Amino acid sequence: MPSAVDAVQLRGIGKRFPGVIANHDVDVTIRSGTVHALIGENGAGKSTLMKILYGVQRPDEGTITIEGREVVLKSPTEAIEAGVGMVFQHFMLADNLTVLENMVLGAEKLHGIGDGARAEIRRISDRFGFDLDPDVLVEKLGVAARQRLEIAKVLYRGARIIILDEPTAVLVPQEVDALFANLDELKDAGNSVLFISHKLDEVLAIADDITVMRRGTTVGTADPATATKHELAELMVGSELPSPETEESTVTDTVQLSLADVTLTDEFGRNLLTDLSLTIRRGEVLGIAGVEGNGQSELVETIMGMRIPTAGRIHLGAEDVTNWHTRRLREAGIGYIPEDRHRHGLLLDAPLWENRILGHQTRPPSSKGIWINRRGARQDTARIVEEYDVRAPGIDTPARALSGGNQQKLIVGREMSGDPVLLIASHPTRGVDVGAQAAIWDHIKRARRAGLAVLLISADLDELIGLSDTIQVILRGRFVGTFDPSDVTPQDLGSAMTGGQAA
Amino acid sequence: MRRLTKLSAVAAVAALALAGCGGSDSEGGSGSGSDKTAASDDVCKSADGDGPKIGLAYDVGGRGDQSFNDSAYAGLEKAVEDFDATCVEGEATDGEAESAREDRLRNMAENGAVAIVGVGFAYSESVNAVAPDFPEVNFAVIDGFDPDEDANDNVAYLGFAEEQGSFLVGVAAAQKSKTGTIGFVGGVNTELIQKFEAGYTAGAKAAKPDIKVEVQYIQESDLSGFGDPAGGKAAATGEFDKGADVVYHAAGGSGSGVFDAAVEAGEGNFAIGVDSDQYLTATDAQKPFILTSMLKRVDTATYDFAKSIDAGKPLVSYTVYDLKADGVGYSTSNKSVISDLTADIDSYKEKIISGEITVPTKP
Amino acid sequence: MTSERLRSIGLSLLAPAIAIVLSILVTTVVIAAVGSSPGDFWSTMFEVPKPRLRVDILNQTAMIYIAAVAAAIGFRMGLFNIGLEGQYTIASFAAASFAGAAYLSGLANVAAAIIVAMAVGALWSGIAGVLKTTRGVSEVISTIMLNSIAITLVGYFLNTRGVKEGNTVHTKNLEAGSTLGGFAPFEDRDGEIWALTIIAVLVGIGFWVLLNHTRFGFDLRASGQSESAALASGINPKRMILISMMLSGAVAGLIWLPALFGGARNYGTSFQAGLGFLGIAVALLGRNRPLGMLFGALLFAFLSVKSNDLTFGTDVSPSIVQITQGVAVLAVVVTYEVVRRWRTRLEQRTVSRELAGANGATS
C-alpha cells in the first residue's frame, strides 16, 4: 500500500553521456508500493536514467532520494544496499547452474549456500507466485521462468525498488498476463516497480503512474486511468503522431520491375524461392508480408544481384537483368535499404561522407571516372544531412557514433539520391525511433508520388498496410496471397502469413 | 577490423617468437660455450699484446655453434697466444643485408685490425667490395672465392680438400661395416656436399671394392636441409633400414638426427660426424655410436693465416688445406671403436699425401 | 575544427609512441636480465650513425617500406598475405635471371626486369588468390606453403641453371650497362643510395593515391572494413580478393630490386631474405598508413643496421634488436586497440555534447 514516503525521487538529473542523447532536468517520483511506467521512444534517455538509478552511471547533476534519504550511488552494489535492484532485458544467468546456485552466486553471505538459501528461495517463490524449484538447472527453464528468477534474485538481495527494463519484450501474451499478476503481488507487499516500456497497451494496463521522456528529459506525467494511447504517443513524439496512411493512388501503367517464375535453389538443391512472379509499376509500392525467414532476404538478394536465380527472368524496365550483378543493377538505378544496416548498409568506422559513397562508388557525385570525387561526395553528404535531418555534428563523424535512427536516415537519403527508378526497402524503420520512422515514411511517400517503384519488406503490418498499393504474402519461398491494403486487416494478413488461408 | 586485429596479434606473436629464437640462438651459444671453459672467456677482451690485431667475422650462429665458427675461434685463440696478438670479433644475424657484412668488415679495419677473416663463403662478395678500400689490411675468406675478374692482392681464399677427409672416414666406414652396406646423408644436394659424397664413396670402395653405398640428400636445394634434425633422422633411418650399418652425414645441424637414428638402430650401428669432432659435443647416449668425424680444420686455416701476417708474408689468393697441410682429417676420440682401424686409415692417408691416390671431387 | 584535427593526429600518434616506449622498456629489462649493460646498449644504438650506415639505413628503409606497402594492400582488404617472402624471392630470382640474360640492354633491360618481377610476384600471389576464391583455402595457409615452394623452386633452378662460383651458385651477373648504381652522398667508400630506392617513393605515393582517391581504393577499404556491406554495395568480393592479392604480390616483387640493380648484380649469396616478414611487421606498426609505415620502416632499418655496432663496444648480441622490433609490433597492436576504443567513446561523447548543445539552443 502506498506509504507517506516516496520510494524514489529523482530531481534535476543531468548526464553528459556517450550516446546521442544526454539526460537533463529529469524529474521522476515513484510512489511507494506502485508500478511506475517510464515510457519514451528509443534513445529518449530511458536507459541512461535507469543506469543512473542502478549506480552503473553517475549523474553529473541532480539528486537521488531513496525512501527519504538522499544517496550517492557509485556502483550497483551500493544501489542494492540502498534497496534498488534491476532486471536487465538480457538475462544474466549461468545456464549450467541450478536456480539455487544462480540465486546465491555473489550473495553467499546473505543466507548461505545451503538449506538457509533454499528456504528463502521457497519463501520468495511462494509469496509472489514465482513457481521456482531451487534445484532445477537454469538451462531447463523457459524465458518467462528465467525472468521470474531474475526478479527473485533481486528480491533475494533485499531490493524493495525493482527496475524492469522492457520486461515484456521477450514474453508471449499469456506470459505477460502472468508477469503482471506477479507485479501486483510485489506491489501488495510494499515493493515499488519501475517499469520501462514503449508498449502503450501494457503500460496502461499495469501502471499506477506514468512518466514520459523525450530527448533526454521528462516531458510530462499521465494518469493511466484517464490517458489514452494516442495522448501518450503524442507526448512521446512531441507532435502529431505520424501515420503511414497513403494518399490517393499514384500507380502508373509503366512496369518498372517484373519477376517471372523466379526460382532460387541452394547448394543442396532445395528451393529457397519457388516460381515467384511479381510486377511493380512506377509510382507503386508493393509490400511483402511474411513471417521472417520465409524467403524475404533471398528475394531481396536475388533482385539485388547478390544471388543469381536458378530459373525465371527478372526485368528492370525493358531490360533483362536476370544475370546482372549488384553494381550494374545499382548503376541502373536501384536504391537499396538493407534490413541490417550495420552489416549491409554502413562502414561503421568510416566517416559519414565515405558512407555516402558506399554503393554509389561508380556514379557522380561520388566519383569521376576511376577517381573518387571527395569534394562532390562531401557536398552531397552535407545535403543529405540537411534534407534528411541526420543529427550529427559533421560529415567527418564516424557512422558508429550516430543513433540508429540517424544512421537509417543517412542510408535512406543516400539511396534516394541519384534519382533511383526502383527502391528496395527492407524493414526501413526497424529499430528507429518514432520521429525517424515518420520522416522515413514521408520520404518513401514523396518518392512514390514522383514515380518511384518501391518494393517494401516489413514485419510491421501497419506500415505495410499504410504504405503499400498491393501486398503479397510470402510463405516458404512462395507467394500465397495478394491483398489490397484498403480492405485488409492485420488479422487477415497474419492468417495468410502462417498458412491459414490463401486469398 | 576485428579479424584484422586478430591476425595482427598472431603476426606479432610470430614476430616475437622469431625474435625469441634469434635471442635463444645467441643464448645457446654462450651457454654451451661455458661447457668448454676455454671458449667462455673471451680472448679478445683480455688480449693486450703488441702483435697484429686480428678480426674474425663469424657466419650466422656465431661462436658456440660447435662447428665452423667455434673452430675458427679456436684458431684465433691459438694465434693470439702464439703471436701476442689482439683481436676483434663480429657476428652475423640471420637474414642480414649484404651491406651489414660489409659494414662489419669495415668496422674491423677501422678499429685497427690488420688481418680480417670472414668465416664462410657468404663473405666472398663483401670482402671483395671492402678489400680495395683498405690496401694495408689483409683479408681471408674461409671456403671463399673471388667473385670478379679483378684479382685482389690482399685477399686469401682458404679452401679445404673435404673429399680427402671424407675418403678417410669412408675407409673407416667400410672397414667397420659388417653388412657390406654403408650410408651417406647430405644436407643439401649442392656441389660442395657432393664433394663429401664423392670422397666418402671412393674411400669405401678403396677399402672394400664390393661395398654398397646408400646416398640420400635431405633437400634438393633448400638450405633448410642443414638445419633439419628430423629430416636427417628420417634419411638416416631409411638407410639403416636398407641394411646400412654405418652412416656418414654432411648435413650441418641436421646431423644430430642422424646420430639419433644410429642410436635407435642399436648396437653395431654407427654414425660419422663432420666438420668438427662431434664426439666431443654429442649427448652421452649418442657418443658410443659415433665412429669418428671428418675434421675440417678451420682452426688450422685461421691460425695459418694469422701466422703468415705475423711473419710478414701474408697469404693471398687461393690456398687449399688438404691432408698434407693438416687441413682435413679424422678424429679418434671414440677410441674403443676406432682404434683397431687407425693403422689402415693412416696408410691410406699416406697414399693420398704422397699422391699415390687421387681422390675424386664429383660422385 | 583545427584543434580537433590536432587532437585526432595526437591520438593516432599515441599508440605507436606507447608501443615504442614499451619496447624500449622490455629490451632494457631483457638486457639487464642476461647480465649485460642496458646503458651501453642504448648509447651504442642511439649514437649518430656513421655516414655509410646512414646510406645503409636509407637503402634498407626503402626495401622494408616496399614490403610494408605490399603487406598493407592485403591488410586494408582484410587479407593476410604472409607470402611476401616467397613472392619477392621468386620475383627477385626471375628478375635477376631475366636481366642477367641480357635480352635487352641498358635501361630497357632494367625496365623490363621490373615488369618481370611484378608479373612473377603477382602470379605467385595470384595462386593463393585463386585458391581462396575458387576453393575457399585460407590465404594464410596457402601463402605460407607457397613461401616454401618458392624457396625450393628457386634453389632448384639456381642449382641447375645458375653460374657456379666457388662454393656458391648465382644467376648471371648483370652487364655493366644494366647496373644502375646510385647516388653517393658522402665519400665513395661509404656507399651509394641505390637508384631504385625511388621505387619506394613511387610505391608509397601510389598506395596513398590508390587508397584515398580511387574507386578501387575505396572498394578495397570497404571490403576490408565490412565484407557484407561491400557485397551489398556492389563490390564483387572474389574479384577484389584476386586483384588485391595480385597487387600485393606485384609490389612484393619489387622489394629486392633496389639492391639487385644497386650493388648485388646477381641473385646469390647477397640476396637478403626476411624482408617480407619485416614488411608485415612494419605494416602493423604503421597501421597500414603510408606515412606510418615510412616511420616504421625507418625505425626497423635503423635498429637492424645499427645493431651491427653492438658487436664492437658492447657484449650484447645484435639479435636483441629483434626483441625490440617484436615487442614494438605486439605493443602497437594492443595499444592501438585500446586507443581505438577510447577514441570511439570520445567521439560518441563529442556527438552527444554537440547535439545536446544544439537542442538546448532550440528548445
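By letter and in written order, the chains are A, B and C; residue numbering begins at 1 in each of them.
The rule is simple: contacts are C-beta pairs under 8 Å (C-beta built on N, C-alpha and C of every residue); 3 or more make two chains touch, one makes a residue touch a chain.
Computed from a predicted structure; not experimentally measured.
Fewest steps needed to get from subunit A to subunit B, stepping only to touching chains, is 2. Seen from the Cα centre of subunit B, the chain whose own Cα centre is farthest off is A.
At the centre of the protein atoms shown, by the Cα-centroid criterion, sits C. For this pair, subunit A with subunit B, the centres built from the Cα atoms lie 74 Å apart. Averaging C-alpha coordinates per chain places the centre of subunit B 35 Å away from that of subunit C. Centroids of subunit A and subunit C (each the mean of its C-alpha atoms) stand 46 Å apart. Counting partners per residue, subunit B has 1 as the residues that reach two or more other chains. Touching two or more other chains at once are residues 349 of subunit A.
Listed for subunit C are residues 225, each touching two or more other chains. Touching subunit C in their complex are the following residues of subunit A: 16-22, 24, 215-216, 304-306, 325-331, 336, 338, 343-350, 354, 357-362, 367, 370-372, 374, 391-393, 397-398, 400-402.
If you check the complex, the residues on subunit B that touch subunit C are 1, 3-5, 7-9, 11-13, 15-20, 22-23, 25-27, 42, 62, 88-91, 93-100, 102-104, 106-107, 111, 121-122, 124-125, 129, 133, 143-145, 147, 157, 159, 188-192, 219-223.
Within the complex, the subunit C residues that touch subunit A are 212-219, 221-222, 225-226, 228-229, 231-236, 344-345, 347-356, 358-360, 363. Partner subunit B is touched in their complex by these residues of subunit C: 30, 34, 52-53, 56, 59-60, 75, 78, 80, 82, 140, 148, 151-152, 154-156, 158-159, 164-169, 189, 191, 224-225, 259, 263-264, 268-270, 272-275, 277, 280-281, 284, 304-305, 307-309, 311-312, 315, 317-320, 322-323, 325-327, 329-330, 333-334, 337.
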